[in-house]
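Two complexes come next, and they have one chain in common, subunit A, joined by subunit B in the first and subunit C in the second.
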Partner chain A sequence: MTLGLRPEAPVNKPVRLLLAILLILLAIPWSDGARQDRAIPFHPPDGAHWLGTDGFGRDVLTRLVAGTRASLAAGLLATALALAVATVLGALAGYYPGWRDEFAMRLAELFQSLPWLYLVLGIRSVLPLSLPPSLALLGIALVSGLTGWTRPARLVRGVVLSARTRDYVLAARAFGAGDLYLLRRHILPETFPVLAVQASVLLPQFILAEVTLSFLGLGIGEPAPSLGGMLSALRDLSVLSTYPWMLSPAVVLLLTLTGCNWLTRHSNR
Partner chain B sequence: MPVGVPWHQLLLVCLSPSLLPAATPWEPGRFGGQITIAERGEPKTLNPVLALDAPSRDVIRRMMGDLISINRATQQTEPGLAESWRVSKDHLHYTLTLREGVKFSDGHPFTADDVVFSFAVYLDEKLGSPQRDLLMPGDKPIQVVKLDARHLRFDLAMPYAAAERLFDSVAMLPKHLLETPWREGRFAQMWNAGTPPAQLAGLGPFRLKEYKPGESIVLERNPFYWKKDAAGKQLPYLDSLRFLFVANEDAQVLRFGAGETQLLNRFAARSAVLLPADLLTDLGPGLEYSFLFFNLGETGRPWFRDAAFRQAVSAAIDRDAMVRLVFSGRAAALATHVPPGNAHWMNTAVPRPKRSLEQARALLQKAGFHWAADQSLLDNTGHRVEFSLVTSAANEERLKMATILQEDLRQLGMDVHVAPLEARSLIDRVTRTRQFDACIMALGGGDADPNSEMNVWMSDAAMHLWNPSQKKPATPWEAELDDLMRRQMVTSVPTVRKQLFDRVQQIEAQQLPLISLVSPHILVAASKQVGNFRPAVLDHYTLWNAEYLYLRDSGRK
Partner chain C sequence: MRVAWLLRRLLHSVALLFAVSVFSFLLAHFAPGGFFDDLQLNPQISPETVWQLRHRYGLDRPLPLQYAKWAASAARGDFGASLAWQQPVAPILLPRLRHTLQLTGTAAALAWLCGLPLGLLAARKRRGLLSRLGVTISSMLLVTPELLLILVLMLAAIRLGFPGLLTSFALPLGVLVAGMFPLVFLHTRSATLEVLDAAFIRSARAHGIRGTRLWLVYILPAAGNPLISLFGLSLGGLVGASLVVETVLSRPGLGSLFLDAIANRDLDVVTAVMLLSATCLIGGNLLADAILAWNDPRIASGGSRE
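Coming up: the complex of A and B.
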């Protein structure tokens, strides 16, 4: 697996492991852990509940898996969306200097000048109150993706701007190749390494966006779990100090972000 | 009124003396020392006429005096700056006699002119004081007539049950300091964080010594305070009282646990595990009640207006689980909005609600609801019963109650989406835009008398949360509620008032405009060093008797 990287820079074992875990988490069917067993709130870990239960007697491990999957799905969807927008606008801006370039770059500057968290909060606040968890997840991905495309778009523009004057592109054009063909066949492939690096940078950023929104109660709502929603239980000092198993979402988040960091370092190598 | 927001209606209490503890003598205290208490936030003003927020009220109340006070322990009125009062037979005129020789904290004498001035300011429409509505029974302002330097007459436009309680928490203002700014239209700018202590005078046990913005405010003993202890020594016992500003309840608990503060005013049950049990006092259910309500107005869904739907929802709620899981057992499940903490006014004939999913299903079926193959509930037009439930994002307890409610109603096939909102946005949606389906809120922070709830139960009131500001009552039961509440407000016979308010609770239990959930216990804590610590279920729970508090010799353990 190279993720568009140079063949001589293979992804090492920890990263492969991380990716395997991600795929498993996203693929396997799993309960959402919403079932409450009110007889056993904050039950410590045992054979029946490996990571204990939360304040409503819900199994923490089940919720952790489901929550990690939701947060990852939101992050991956947002990353895909941001890169798609970045590729289209960056390629247009780089390939067609002039008003299209000006428009795309001014738009990017406008988005960059806005504090993303407040922008995301603002957009979320105008969405309907009653959002089922799946729609909330899509909403977060949409909002994060549409606010996070600017940096990759600038980089894509730079690559396209440089590639469009390369000899092999000029030669293809001389042989009658159209703009779409040139972009698809010769220019856009040049942007793949940049996009791969940007994906590894954006993914943790968007996972954190989901965590922040859900932590603030604006993301994936109860009873559906998410890392941010589970972490919000730790705002209660008594939970934080009395029930250590409730810290497990923080550990998973830390591991996930560390894994993304490894991925970024390998992409850069 | 949302808990923690208004204070203008918090302090009317009217309980039967037979149900309340008698006043017990205070221990003779030891003079000197300082007590520190952490406040959740900084006072926004030191002006008693304009104060709305809890930190401002907590500080101001220690510096100001009122004519007649409510003893928070006995919940009965007692003389304050007025040593006695007389009520006319028609209950329209109150004649008060002021104490002799009382002085403001700057040494200036307190006279009937200060009282007339104070009421003129509170009733000034331009200032918009939160106390103004209270001082206008029957929508007409109380008339204050000075008879001589120590005697005043208060004329009411209509009889008002327990009117002497209106005087509690109406702080008397120094005319010699505030009249000119008031006449010049600068009153709203007076007495803020930047005011030098010498320009601020009151009649309470303490006076301003030092204000460090963002950090603390220190009050020192008022050398002119009128009250004396049983031995004739001038109160207060403490040299000073320090309010420390912290960000939240966790910080309050941590500071108390570390011994940096000596008192911990009301805190949530979840924090109890963080404190030594011997320092904690559980006063039992207070006057606060949390409840679920639906939007019964035009913007609400049609099922909400069906009483059977609301009854089914109420039957499905596991209130005991809320008490256990959300409040660690430190709360009481409610049948109506009147909690057990308000023993006199509670209608004990209303049965305690028991959870019954079978009953809930039967009610829904009878009302035309049915279930799809996947067990989701459908209305008589085949639409899924799905709605949003808003509540305050800042309130952990209500968020947890919403999660329990969501699961309870899921078992009936309802799909409930919980939407936590910032407090101001929540109030705006509920009272102004009406863009909500259902909501969990709490009311009644410190008021036992039904009069204080006129703004909730009258159909034309802005806080008639389920369908506010109606031009005429939308339903026959709301018309009956209007009539009952109006009648109890003007009836001076306590037993008749009780009967009328019992009927209000009966209607409430049948129609369920508010589906009452639980009433949390009042939890407070104090260092063992603090003497005369007698917390009450009324606000301010721990500092209401600040003049009698003292520090013992022994250190806090």
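Coming up: the complex of A and C.
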């Protein structure tokens, strides 16, 4: 649903913005920005530290790049996971009416009857409270991916349900094609447009999930950088009001989400 | 017909709630670590004591038995016992719930009181200033995550010299209204615009029906269905919407209770809060279904709604 918003920007604008963000992220050499310089906490931006330093004297720009990379990676992984689960369950439900359909749809209903953040936190609570940095990203992707499959699964089910009885599918079946072959070659390709739109809807949602979890201290924790983790430094009021460069993760987050939003509005058309 | 349909929906919702309770219970109990883990690290407390504590709260029994015990406690209205608070869950939950509902209820009411009339007005002149301004502001607010909005408002409060706002009711309220208003406004506007193009409105106009009568009797009911669904959603979100706001601004609501319970592995509190939030969501949807069936009888006769 476009809510009557006017999609006026040319199609390649959001793609270009997202690509630009990705390119900047990839062009800067890998570094986790963990190097501390306790002598210069909250140093204002200058030639050496373009976006200043944080409370541990760590370079904000370096951490911002690594953090955005982590948040985007978590979002992309979660999107892939959610769409994979959605495709499997949606295809099962649409292709095999009966108990499989019933099971998948009831499961979706169960997941949808909890407020999203409560569901995320509930599933998050199954993992250990503090995850090691290397696993945290995977853990967050797993948690948010498992919360987002319901709507795409319903949509996939709908597409499969109608594609199942098309003439070309029936013809292929008459030639002796098996269920798996039919699904793979004839039916699932029909769901790709739906999945593409859903991916553009889910990505910002999952990036936000990482930000929220890390902000609340249940996501990617120190010392590993992430957008949410960097924003959580701002919960300290004196940091928020005195050091404006610490707000830079907020700007990056907003830009990323705006880019995703443009993408959604265009893929919806 | 409608009553039977609603009854079926009600039964379905109850079954769903039961499933949610099992699901939340399992999530809470499969969590690694336990409430008594810290005690085990304490050398002055013997493993036997910890074992006895676990035994006293029944944490060593098989899961189905533990669930049965919890369900019995829920049936009594206690919803289990909190390990951290050493008392039944319900008395802990209720004052938190009141705080949360005060906040989210006021926010939802404000969002609807502003969003609905403004959406209608914007639809009346679709290229007008109000329409364009409203759509621009709403779509900007829609993209802005709640978290950033809170931070910006906090910053503004400090910088402009109103530090009192930080602990006030107005700041979280503003954040929540800013989150709900755009949805109400945009949905009202687009639903109304769709109806305005319909042939029966043109005929009504041709018959000389105009003004309040045209809007309240002809346009609003026809545009109502998506709005009723949205209304159900915003009722359903009353419990769940304020978690981030409450936590960041440290207000004593359900959200902070839930986070603490997750951190402490206070199992029954986690289960109860999840069940409560789901009850609210399911109840909101059910109410929306009831209003929908009353507004549009086709829905109750048309089988299940997807």
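Here is the rule we use: the second predicted complex is superposed on the first by the 243 of 269 C-alpha atoms of A that agree within 3 Å, B and C clash if a C-alpha of one lies under 4 Å from a C-alpha of the other, contacts with A are read in each partner's own complex, and residues count from 1 in each chain.
Note that a contact is a pair of C-beta atoms (placed from the backbone, for glycine too) under 8 Å apart; a residue touches a chain by one contact, two chains touch by 3 or more.
Computed from a predicted model, the values in this text were never measured in an experiment.
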Subunit C versus subunit B on the shared subunit A, clash or fit after superposition: clash
Which of subunit B and subunit C A:Gly122 touches, first, second, both or neither: second
First (subunit B), second (subunit C), both or neither touched by A:Arg235: both
Touched partner set for A:Leu247, first subunit B, second subunit C, both or neither: second
First (subunit B), second (subunit C), both or neither touched by A:Pro97: neither
First, second, both or neither for A:Leu208, with subunit B first and subunit C second: second
Which superposed partner A:Pro189 touches (first subunit B, second subunit C, both, neither): neither
If touched residues of subunit A are counted for subunit B and for subunit C, the larger one: C
First (subunit B), second (subunit C), both or neither touched by A:Leu131: first
Subunit B versus subunit C as contact partner of A:Pro44, first or second or both or neither: neither
Which of subunit B and subunit C A:Leu110 touches, first, second, both or neither: second
Clashing subunit C stretch [against subunit B; choices 39-47, 111-119 or 129-137]: 39-47
Contacts on subunit A seen with subunit B and repeated with subunit C across the two complexes: 125, 128-129, 216, 218, 235, 237, 241
Residues of subunit C touching subunit A in the complex: 16-17, 19-20, 23-24, 27-28, 30-33, 135, 139, 142-145, 147-148, 151-152, 154-155, 158-159, 166, 186-187, 189-190, 193, 236-237, 239-241, 243-244, 247-248, 258-259, 262-263, 270, 273-274, 277-278, 280-282, 306
Touching residues (chain side subunit A, partner subunit C) in the complex: 1, 3-6, 106, 109-110, 113-118, 121-129, 154, 208, 211-212, 215-216, 218, 231, 234-235, 237, 240-241, 247, 250, 253-254, 257-258, 261
Subunit A partner contacts - residues on subunit B that touch it in the complex: 250, 253-254, 270-274, 318, 321, 324-325, 386-388, 390, 393, 396, 399-400, 402-404, 406-407, 410, 415, 417-421, 425, 435-437
In the complex, subunit A residues that touch subunit B: 34, 36, 38, 41, 55-57, 125, 128-132, 216-218, 221-223, 235-239, 241-242
